[in-house]
Structure formats: structure tokens, C-alpha cells
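These notes open a run of structures that come right after.
Both complexes below contain subunit A, partnered by subunit B and then by subunit C.
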Partner chain A sequence: MAKLHFENIAIKAVVTTVGDKKITIEEEAHNFGYDDKMIKRLKKRMGFNSRYVVNGGVCTSDLCCQSAEKIFEKFDKSEVEALIFVTQTPDYKAPSTAIIMQDRLALSKDIVAYDINLGCSGLINGLLHSYSLINSGLETVLLCVGDVASNFSYYKDKNLTPLMGDAGSAILIKKGIGLGDFVLHSDGSGYKHLIIPEGGCRNPFNKDSLKENNFEDGVRRGVDLYMNGSEIFNFTLKVVPKMFEELFNFANVSKEDIDYFVLHQANKYILQNIAKKLELSGEKLPMDTMTIYGNQNSASVPGTINGFLSDEFSSKKLKVLFAGFGIGLSWGACLVDVDNIFAPKIQYYGEKNDKK
Partner chain B sequence: MTKSEFLELLVETIDTECELNEELLLDEIEEYDSIAILSLMSMYDDLDLKVGPTDFKDLKTVADLMHLAGSKIE
Partner chain C sequence: MRDLVIDAIKEINRELDIEELRDLQDDSPIFELLDSMAILDLVLELEDKLQQKYSRYIQIADDKTMDTLNTPFKTLKTLLDCVEGKING
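Let's turn to the complex of A and B:
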């Protein structure tokens, strides 16, 4: 387990932009062959309801740039010294999208900019990089996280697609008053449980990559994301509560010291199980993000802040725990202080930035 | 717990209206699907039993679900 402690670093702003197209489970049930009874069951047991996605052609960087521009209404963009972009859906295979975003956002050419390829644990890893850069001398880092999941989850995949939402967040981190404690893990032995099998160097894109294949859990192609839901659920049950214990011990805190547990919003059922194990109420551990917006991958922690905790984060000093877990397999959690940060409610793509 | 308490727990976990007995084939339970398996993994986890997705592969009857609970059933 990697354990890291930071001092004098603070999150100053969190903004999330989601796709502007709302789809309800009823509207797309025909793609998955779900009847009314199954829809009812999925809603009741798993928390399925709706999701927000982009229209074709919109990239994660577009959502993140809108979020960042919102931050720059309050903060001076010339202070940004690094831009880190955590995503599995970059604009191009090369170059790093973060470098293109430097120009789009009219940031200084003196910044360091790079992408990190991570999904559900990406926010924690992105924060770790941001805190490390500030610990090494920088003053201000812009972290962008998110995915346009509709790019890699096939519309007929009943196992995955009704879960997924599109979102891009921007987070501003600066030298300031605040602690940060991190624990992180990686286990590549489970890489096959969440994978886009084709299109990389191991299994290059080929003439059959766009061919539909029928599986028990739906229809998908070689270039689409596959998820073994029961293995991922089992992994989550086993590692997440244990990781929290590790973080409590490392940071020398008890769960009562923590105001909010903002976790990756895989689905409501997983979060209910984690809350039950930790004996936490839904008030302290919000779990409705996937039900309203969809699973937002690395943007689901900031998406939950902007979606459900905007008033609290905007008006209070809080000690909060963030956690991410999933593809890799990779999982991590951090405990950070926030104090009256800029955390407006969810933005919708295309919405005017000056809209109040 | 007793066998009948375990059967009650199964009904609640699988969220079924079926009356469960040991001989009943799992295929005959309409709600015994991938969602039910997630719920069952969580149920066994609550009982401090290490039961993973592969443990469900060859199960045929309700009695097989009971066997997974081992000594937790009196």
C-alpha cells in the first residue's frame, strides 16, 4: 500500500459539467430487451433511473474545458502552473489531450501538462499528482477528470450502458491551509474484469473489431468496454471497507471525525453495501449520483459534490474522504480539508458560463 | 441460524415471491439472475463467508445455496 501525507495544500474549486442529453431507463430499455418487470427490479435493487450523456462528437475535454472556464470566472488562470487530465477517452491516441487543453484554455506556455489513463480511481490518483507537484514547489494545479463513457460502452450492452453517464470536472488545487492523506493500491491480476480488449497494441484494431458479438450480458464489439459485474462487485466489497480502515489508521482519525464520505458512484447498490459495512448513514455518504446522472467514472466524486453537496462545500469547513475503485484494478482513498470552496451546482454542456 | 431462517433470508435477498424449499431448482426462481447473485454475495459477506462469483457457477438447487453457508446453518 502506498501511503502519502501532505501539508499546506488546499482544494479551492470543484466544477462538473455533464452531457446535456438525459436518457431514462424506460427510454432505452428496448436496446437491452428489458421488460417492465425488469425495469422495476433494476430501479428498486440497483438504483437505475436516468443518465446524462453527450451528443455524438463531444469529447471529455470539451466538458472539462467548460468546467475549467467556470473556475476561471473566479480565479486567475495565469496562476495555473500545471494541467493534469485524467481520462480514458482522450481526444486523440496522441498527443496528450492536456497539452491541447493548455492552448484551448489560453493557459501559459510555461505549464507542465500531461494525461493519466485511469478510470474510477482516477480522481484520487489525479489529486495525488496535483498534491505532489505542489509539495515539490508549484503553487497552483488544474486537475481535469472525466470520461465520455458513451464513447466506449456499446448501446446494446445491457450490463454496462444503462449505468454510464458522461461528465468532465475541473478542480483547482493551490498551496494553502489543509492536510492531505492518501492510500492507494493496484492489482493488475484483475485487468480482464474491466477492459476494452481491442484497439491497443496488444490486440490491434482489425476488420472484426466493429462486429457485434452476442453475450449473455448483452451485445458488444471488440472496441467496447467489457465489465464482469459480479467480479467487480466482489472486489469492491472486499477492498473498499479495508482501505478505509487503512486510511483512518494512517491519518489517525476515526470515522466520526469525517463530515462526508464522497465515493466513486459505481451504482447505488454497491454504495448501500459499503455504507452498511461502515455503519454510515446516506446523509454522510451520498449515493444518488448514478441514479440521476449515471456512473461518471473519474468525475463521479466531483460530480457528487456539485450534484448533491454544493451548498455544504461552498459554505463550510469540512474534513472529507474521497474514494475511487475500479478499472485496473486500481483503488485509492484520500482525506482532505476543504474550507468554503467554489463548488457550484452541476453544469450542463453547452450551458452559458455566465448563467447563474 | 436455522434452515427456515436461512430460507427466509434467501427470499428477502433474492426478492422473490417464490416459496423456497431445499429441492427447488434455482432455474425455477424467476428472480434468480445476475442481480440476485450480487445480493447473495453481499448476504454471504455479511455472514463473514468468503463466497465469490465463481462459487455460483455450478449451483442447481436451493440446497446448494445452503451448502455455501456451511456451518452458519444449524
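Let's turn to the complex of A and C:
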């Protein structure tokens, strides 16, 4: 287990932009062969309701750039010394999208910029990189996280697609007053449980990569994301509660010291389970992001802040726990201080103003 | 406790309407008749009922729940053993 402690580093701003197209489960039920009874079950038990996605052609970097521009309405972009972009949906296979974003956002050419390929644990890993760079001497880092999941989940995959939302967040981290404690894990033995099997070097794109294949849990192609839901469920229940104990012990805190638990919003049952186990109210552990916006991958923690905790983060000094877990398999959590940060409500792609 | 578990199964079966789940015996299969969402349904139903009865949260799901080979949801008997273990554990 990697355990890291940082001092004098603070998150100053969190902004999330989601796709501008809202799809309800009723609207797309026909793609998955769901009848009214099934829709009712999905809504009741899994928390399915709606999700926000982009229209074709919009990339994660577009969502993140809109989020970053919102931050630069309040903060001086010339102070940014590093840009880290965590995504599984870069603009191109090469070069790193972060470098292209340096130019799009008109940041200094003297910055360091690079991509990290991670999904649900991406926010924690991205924050770890950001804190490490500041700990090594930089003053200001812009972290962008997110995915256009509609790019890799096939519209007929009933196992995955109704879960997924598109979102891109920008987070500004600066030298300042605040602590940060991190625990992180990786277990590559489970890589096949969440995978896009084709299109990389191991299984290159081929003539059959776009061919539809019928599986019990839906229809997908070789270039689409596959999730073994049962294995991921088992994995999450196994590692997440244990990870919290590790973090509490490492940071020498108890759950009562923590104002909010903002977790990756993968599955309502998992979140309910953790809340019950830790005896936390739904207020302390928000769990409605997936129901309204969809699973936003690495942007689901910032998406939850902007979607449900905007007022609290904007007006209070808080100790908060962030956690992410999923593809890799990879999981991590961190405990950070925030103090009256810039955290406006969710932005919608292409819109300048907040929308209710 | 047996009644509680059977009630939970019957409750989720009100929507599913699976014939084999109407008259349950110890060796009645459960896991093979349910999809993963129905298993989750049953977990939630059991946890709700146990919380009402024992006034505390008893977690039924663990890393074996969805394990095809080792799931405690294989038959009514294995599920009863599991629930009893969770209550006492």
C-alpha cells in the first residue's frame, strides 16, 4: 500500500462540466430490451433515472477546458505551472491531450503537461501527482479529470451504458494551508474485469472490431468497454471499507472528524452499504450523482461536489474524504482540507451560466 | 429467521414471478434463478428485514455474494447458514 502525507497544499477550486444532452432511462429502454417492469426495478434498486452525455464529436478535453475557463474567471491562469489530464478518452492516441490543452487554454509554454490513463480512481491519483509536484517546488497545478464514457460504452450494452455519464472537471491546487493524506492500491490481476479489449497494441483494431457480439448481459463490440459487474461488485465490497480503515489509521483520524465522504459514484447499493457500515447519514455521504448525471468515472467525485455540495464547499472550512475505485483494478482514497473554495454548481457543456 | 429469509425471497419474487421460488425447500436453488440485479434486490430486502428485526445493520453482501462457485445464495439452505452466520458474526 502506498501511503503519502503532504502539508501546506490546498485545493482552491473545483468545477465540473457535464454533457448537455439529458437521457432518461425510459427514453433509451428500447435499446436494452427493457419493459416497464424492468425500468421500475432499475429505478428502485439501482438508482437509474437519467444521465447527461455529449453530442457526437465532443471530447473530454472540451468539457475540461470549459471547466478550466470557469476557474480562470476567478484565478490567474499565468500562475499555472503544471497541467495533468486524467482520462481514458484522450483526443488522440498521441500526443498527450494535456499538451494540446496547454495551447487551447493559453497557458504558459513553461508548464509541465501530461496525461494519466485512469478511470474511477483517477481523481485520487491525479491529486496525488498534483500534491507531489507542489511538494517538489511548484506553486500551482491544474488537474483535469473525466471521460466521455459514451465514447466507449456501446449504446446496446445494457450492463454498462445506462450507468454512464459524460463529465470533465478542473481542479486548481496551490501551495497553501492544508493537509493531504493518501492511500493507494493497484491489482493488475483483475484487469480483465473492466477492459476495452481491442484497439491497443495487445489486440490491435481489426476488421471485426466493430462487429456486434451478443452476450447475456448485452450487445457490444471489441472496441467497447466490458464490465464484469459481479467481479467489480465483489472487488468493491472487499477493498473499499478496508481502505477507509487504512486511511483513518494513517491520518490518525476517526470518521467523526470528517465532514463529508465524497466517493466515486458507481453504484447506489455500494454507497448505501458503506454509509450503513460507517453509520453515516446520506448528507455526509452523498449518493445521488449516478441517479441524475450518470457514473462520471474520474469526474464523479468533483461532479458530486459541484452537483450536491457546492454551497458547503464554497462557504465552509471542511475536512473531506475522497475515494475512487475501479478499472485497473485500482483504488485509492485521500483526506484533504478545503476552506471556502470556488465550487460553483454543475456547468452544462456549451452554456455559460449555471442551469438548474 | 427461516421465515424472514423466505419472506424476503417471496417479496422480490412478487415482481419476478419465478415459479421455482414459490415453494421453497432447503435444496431449492436461488442463485441460478436470479440475475445479478435480483440478487442485489434480495440482499437489500434481507438487510432491511434484518435491520427491522435486530435494530442494527447486518451486512449480507460480501466478496462471495456474486461468486458463481462460492456464493452463499446457491440454495435456501446455504443462504440460511450465511444469514445466521452474519447475525452471529
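As a working rule, the second predicted complex is superposed on the first by the 352 of 356 C-alpha atoms of A that agree within 3 Å, B and C clash if a C-alpha of one lies under 4 Å from a C-alpha of the other, contacts with A are read in each partner's own complex, and residues count from 1 in each chain.
We adopt the following convention: contacts are C-beta pairs under 8 Å (C-beta built on N, C-alpha and C of every residue); 3 or more make two chains touch, one makes a residue touch a chain.
All of these numbers come straight from a predicted model, not from anything done at the bench.
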{"item": "Which of subunit B and subunit C A:114 touches, first, second, both or neither", "value": "neither"}
{"item": "Touching partner for A:75 - first (subunit B), second (subunit C), both, neither", "value": "neither"}
{"item": "Subunit B versus subunit C as contact partner of A:41, first or second or both or neither", "value": "both"}
{"item": "Partner chain(s) touched by A:250 [first = subunit B, second = subunit C, both, neither]", "value": "neither"}
{"item": "Partner chain(s) touched by A:155 [first = subunit B, second = subunit C, both, neither]", "value": "neither"}
{"item": "Which superposed partner A:230 touches (first subunit B, second subunit C, both, neither)", "value": "both"}
{"item": "Subunit B versus subunit C as contact partner of A:348, first or second or both or neither", "value": "neither"}
{"item": "Partner chain in contact with A:273 - subunit B first, subunit C second, else both or neither", "value": "both"}
{"item": "Those residues of subunit A which subunit B touches in one complex and subunit C touches in the other", "value": "41-42, 45-46, 229-231, 233-234, 237, 269, 273, 276"}
{"item": "Complex contacts: residues of subunit A adjacent to subunit B", "value": "41-42, 44-46, 159, 217, 228-231, 233-234, 237, 269, 273, 276"}
{"item": "List of subunit B residues in touch with subunit A within their complex", "value": "15, 31, 34-35, 37-39, 41-42, 45-46, 52-53, 56"}
{"item": "Touching residues on subunit C, where the partner in the complex is subunit A", "value": "15, 36-37, 40-41, 43-44, 47, 57, 59, 61-68"}
{"item": "Touching residues on subunit A, where the partner in the complex is subunit C", "value": "37, 40-42, 45-46, 229-231, 233-235, 237-238, 269, 273, 276-277, 279"}
